[in-house]
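You will see two complexes here that share chain A, one where it goes with chain B and one where it goes with chain C.
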Partner chain A sequence: MEYLKILFNILVFPGCLFVGAMGLLLSGIDRKVLARMQKRVGPPIIQPLYDFLKLLGKETIVPKAANRKVFLGAPVVGFAALVVTAALIPVLGYRAFEGSADLIVLLYLLTIPAVALIIGGSSSGNPYAGIGISREMVTMMSYELPLICIFLAVAKKVGGSTLCFSLSQIAAYQQANGSLIGCVSLIPAAAAMLLVIPAEVGTQPFDVAEAETEILEGPLIEYSGAPLAVFKLNTSMKMYIMTALFSALFLGGLATGVTALDVLIQVLLCIALTLICMTTIHAVTARLKIEHLFKFYWTVVAGLAALSLVLVWLGF
Partner chain B sequence: MSYIHFPVIAVMTLFMGAFLTVVFGRKSKAVRNILALAASCTAFVLICCLIKPVLIDGEIISYWMGNWSPVEGYAIGIGYEIDQLSMFFALITVFTVLMSCIYSIRYMERDSALDFYNVLFLMLSGSVLGLVLTGDVFNMFIMIEIMTFTSVGLAAFRNNKAGSVEAGFKYLVIGSIGSSMTLFGVAILYGNCHTLNMAQLSSILAGRLTPSTLMAFALMFTGLAVKSYIVPFHTPAADAYTTAPASISMVFSGMVNKAGVYGMIRLVYIIFRAMDKSSVQLLMVIFGVVTMFVGVTMALAQHDFKRLLAFHSISQIGYVITAAGLGSALGLTAGLFHAMNHTLFKGLLFLCAGAVYYAAGTTNLDKLGGLSKKMPKTCICFLIGAFSISGLPPFNGFASKWLVYQAVYEKAVTSGNIFYAFATVAAVVVSVMTLASFIKVTQAVFFGQLPASLENVQEVPALMRLPMWIMSALCVLTGVFYDQVNKWLLAPAAGAALNVSGYIDRMMGEGYAAEAGVVNIPVFAARFSFWNPVVWLLLFIIVLAAFCLAIIGSSGDRASISSAPADAEDGKYATFFSGEKSMPSHVSGSDLFWGFKKNWKGYFKVMDGIHSGRVNDYALYVVCAAALITVFVFGFVR
Partner chain C sequence: MIKKAIANSMQKSPWLYHVNTGSCNGCDIELVACLTPRYDVERFGFKLAGSPRHADIVVVSGPITSQSKERLLRTLEQVPEPYCIVTLGSCPQSGNVFKGSYSVEAPIDKFCHVDVAIAGCTVKPEAVIAGLYKATEILKKKREAMNK
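Up next is the complex of A and B:
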């Protein structure tokens, strides 16, 4: 029974199936609402699923210059890492694998999919991919600084004068004292986190690494068929994971204790967060240059996060 | 008991190996190799025999040379004392020596004067082993001297290559300044305490920080810091690691700078027992953070594979110093763990760099590319090393860095000092930059496009790959089973550094420490937060298996995977290359991060100015830093 529960957790909820479905749903909603904002009709909400299935059926081409194993293995590793990461993030009250990872671990687990994309793109041997991975890496360096400041601020707020990186402790604290977004000192951190999400997922204006119109999707340029489908799915799943992480960190007080209700709230929260920090920003901005992106994150966003850290330290 | 002779025999074996190589080594290649291999294997086995008594049973071994035991409470003779901390570093040393020895058999075959190489190599090994096992500060200084001069010889070994003699010279100058400072410090201590034995010094210095002992502390601290190449003493390391043969670069970063780190830990934790002072903690952490940051940013700007690794070596030592400088059990555990992991992954990376040099004849990142198809096994080893050093879960670099962050942030929240919070942020950012820089190497050496000149590159021989595989396996194992590593290796070693009275009593007789008023720092087991790599790995494998099952289940008849020829005249695939037959990549490997570098132009300009390559400047930095440390010590250490 115990093993069946683990298998259920990892393969159905909150693992594979749930994350995949949520990712596709979120990107469908994102595309639809974006289209409405731009006065287009837009695709149906399940269009990402159609795209995914269609790509699965297409021919897979491996360039001669590529290292075949790495080229085909990278998307799969990224996918598996994302699913496991998703299973470790609590769904409001529901925590599947308690005590196997903390905030710092999550920070690093989140880099694995990006590294998989980079290594995959790099192994294709294409020069556009070379430019793409360089940008992906710089993007990663950009958002990692604010992200760690946010995590440390939250940890200090929850832990006080003890070390606390545990997600369950953060959830318990929020259930007792209300959501962390209600704290004055953490509002800048929440704002910074909202800005980190689109960079982590790679949506406009922070999609410099893929930049279809400019470097032809960068790391993905040589990918086709099933591996491409998996990479596209990975991007969608990141939308869910990042929004879920935001709600675990700042909106944990909304948990009701009833699992079904919690899941529903979580889904609604993720949709709302996607609309706020990805769709809206996408609709009103144009793509940045990579050096501007880096500057923006290391000044404005990191500034917000560091402000939060200092405020928490001063006891607000 | 017989095993008390093992440590001294291990050191003697290595020196004897060097001596015998001088006498017989010129005869033939086989004699040389057998001598070197026999000496390193013997040392390895002898030290491994001590695992049970020292690490498992918790015994501390003391050994008076020529049985010159203390007379009337004063230690006169030279004593070896092997506690768990020494044992930990001794294990690192003999392991590195063995790996390097196996690797060099094939790697060095194209060089001449190999008998000199083996002599220097064995003397270097013996000196480092002697340094970590000795219980006498003057003996430690002698070993530092041997270590420095053999290192100079080895750094300049390939003297037909540009820059190697220069590197040796820089190493000589900076190393000698460091050694002189250590000697001066030792002399002051001797004048004050009339003894050179570490255990006795520790009990005499308890609570006695007079101006002269403070001076000795500042000088010895600087001297040992020079040997561990922390910024601003790092300048000779970058050159020496680059020009030395890869098997020696691995030894340099694997154990020579660990010897410096060991010396610093021994100095601050045991001889002066200064780690409960917040000023000393601050001194170490500031040096650590500056070191890790300068190291990694300089690494981002490098064009040479080995030089890049050298700067990363410096940067990773910054982590070790930061963590060890916290003075807490968790911090020291994290520091020792990272030191060990650094030996594993950096050694592995240097060996990979050596393999690339052996196969392709260059380590210039701008001239390499696409080697993953020619050297797939080296590529896998390199990726494991690169992921380990960048701290990707579940490799060992992640486990130790994660402990470092926890230790530093724990210090921040318990002391309420926000400086430590920003030190944590810096540590994480440095880790990301490390990843960036290794992505650059991966792209520039193993992926990307294969230059026409490298068409005929072959995979390196199996004897060279053997140490690489062993170290790769250890990188994964120590990362996944880090709590076992902690239980058997780190906790005893950290405990030994924090429980000084046992160390003193073993050497000077029961009750000596209590009489001198030595109080142990209470050790509480290092508390781990949540990271269960085994669970994570299991889940990962389940998902991977499910995915593969789904692929196999759905494949049927249409899963034809074809390969597009890169430069075929076939219109079908032309779109993938924008219609051009062969398109040059205008982003060369070393310039991969211009988006980042552009924003940091000013910083890199300053750094370029600082790393001027003039040995006068470098010596000046050492002296200035020594002056600053002295001022700090006199001003703040109470």
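Up next is the complex of A and C:
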């Protein structure tokens, strides 16, 4: 029974199936609303599902210069890491797994999909992929620092003198004392997190690593068929995971205790967050250069996160 | 059932890869015009892909100059099955105003199959959309043939 429950958690809810469906839904909504913002009709909301199925039906070509095992294994590793991440993040009140240092594990797990992309791209042997992976690496470094500061600020706020890295304790704290976004000291951290989300997911203006118009999708350039489908699915799943992480960290007070209702609220929250921090920013900006992205994250975003950290440490 | 869903999605999500083989740029602009808010081919799921590996429909414009012929064939070899080739404008079909030049190799059907040929100099965006839509139907048929 124990094992069945774990299996259910990983494969159906909140793992694989749920996060996959949510990812496709969120990116469908993102594309549709973006089109409406540009006064277009836009693709149907289930367009990402069509794309996914279509790619499954295409031939998979492995280039001669590529390392076959690494080339085909990389997307699967990224996918597996994302499924585990999704199972770790609470769906408002509902927690599948308990742990005492979830945030630290998450920090590591969240880098794996990016690393998988880097490894897959570099094994393809394409020079454009080479440029793409160096950019992906810089992007990763730029958002990692603010992300760590945000996690530390939240952990300090909840834990008091001892840092608390457990997501269930963070959720419990918020249910008792209201959402963390209500604390003055954590508002800069929440703003920083909203800016980290698009970089982590890789949407415009922070999609320098996969810029289709200049380096032809960078690391993905040699991928076709099913591995490409998995990589595209990974990007969509990241949309759900990052928005869910935001609501777990800052909006946990909205939990009602009824699981079905919680899931519904979570879905709505994710959609709202996607529209705020991905679609709107995408619609009004053009792609940044990689050095501008790096500077932006290490000054503005890291500054906001550090401000929060200092405020929390001073006891606000 | 999954195979049927895949064949259906083939029609719903065709990604374009555009090869310019020495066109005067007129047809290229009209293809790009189809992506703008006025015509918005994304409503049928069309998307401009950056790499031939992601392509479902290869759009060829221009009269195939001797220099670009080899590149065109190499690009076509990199496209995963099933895919369609659509020619844009009169140039690839006949050579158009460039016909008779020592450096022009048109018509295109000498070296590869053509699924849909869109006529005009320049092509009208409406014609491009109609042609591309026809190509998606062919794509679906090709995928169904692969199932058997």
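Methods note: the second predicted complex is superposed on the first by the 314 of 316 C-alpha atoms of A that agree within 3 Å, B and C clash if a C-alpha of one lies under 4 Å from a C-alpha of the other, contacts with A are read in each partner's own complex, and residues count from 1 in each chain.
By definition in this document, a contact is a pair of C-beta atoms (placed from the backbone, for glycine too) under 8 Å apart; a residue touches a chain by one contact, two chains touch by 3 or more.
Everything numeric here is computed off the predicted structure, so don't read it as measured data.
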- Query: Of the partners chain B and chain C, which touch A:222 in the superposed model: first, second, both, neither?
  - Reply: both
- Message: Looking at A:35 after the superposition, I want to know if it touches chain B, chain C, both of them or none. Which is it: first, second, both, neither?
- Response: second
- Message: Is A:57 touching anything from chain B or chain C once the two structures are fitted on A? First, second, both or neither.
- Response: both
- Message: Output check: A:43 vs chain B and chain C. Expected answer is one of first, second, both, neither. What do you get?
- Response: second
- After lining up the shared chain so the two structures overlap, which partner does A:109 touch, if you call chain B first and chain C second: first, second, both or neither? first
- Message: Per the contact definition in the header, classify A:271: touching chain B only (first), chain C only (second), both, or neither.
- Response: neither
- Message: Touch test for A:212: chain B only (first), chain C only (second), both, or neither?
- Response: second
- Task: Counting touched residues of chain A, say whether chain B or chain C comes out ahead.
- Result: B
- Message: Counting contacts the way the document defines them, which residues of chain A are shared by the two interfaces, the one with chain B and the one with chain C?
- Response: 56-57, 59-61, 221-222
- Query: How about chain A: which of its residues touch chain C in the complex?
  - Reply: 31, 35, 38-44, 47, 49-54, 56-61, 212-213, 216-217, 220-225, 228
- Query: For chain C, which residues are in contact with chain A within the complex?
  - Reply: 5-10, 12-13, 37, 40, 42-45, 48-51, 53-54, 56, 78, 80-82, 143, 146
- Touching chain B in the complex: which residues of chain A? 7, 10-11, 15-16, 56-57, 59-65, 67-68, 70, 72, 76-77, 79-81, 83-84, 87-88, 97, 99-102, 104-105, 107-109, 111-112, 115, 118-119, 122-127, 130-131, 133-135, 137-138, 140-141, 144-145, 148-149, 152, 155-156, 159-163, 165-166, 221-222, 226, 289-291, 293-295, 298, 309-310, 313
- Mind listing the chain B positions that touch chain A in their complex? 370, 372-373, 376, 379, 383, 387, 391-393, 398, 402, 405-406, 409-410, 412-414, 416, 418, 421, 424-425, 428-429, 432-433, 435-436, 439-440, 442-443, 446-450, 527, 529-532, 535-536, 539-540, 542-544, 546-548, 551, 554, 558-567, 573, 576-577, 583-587, 592-596, 598-599
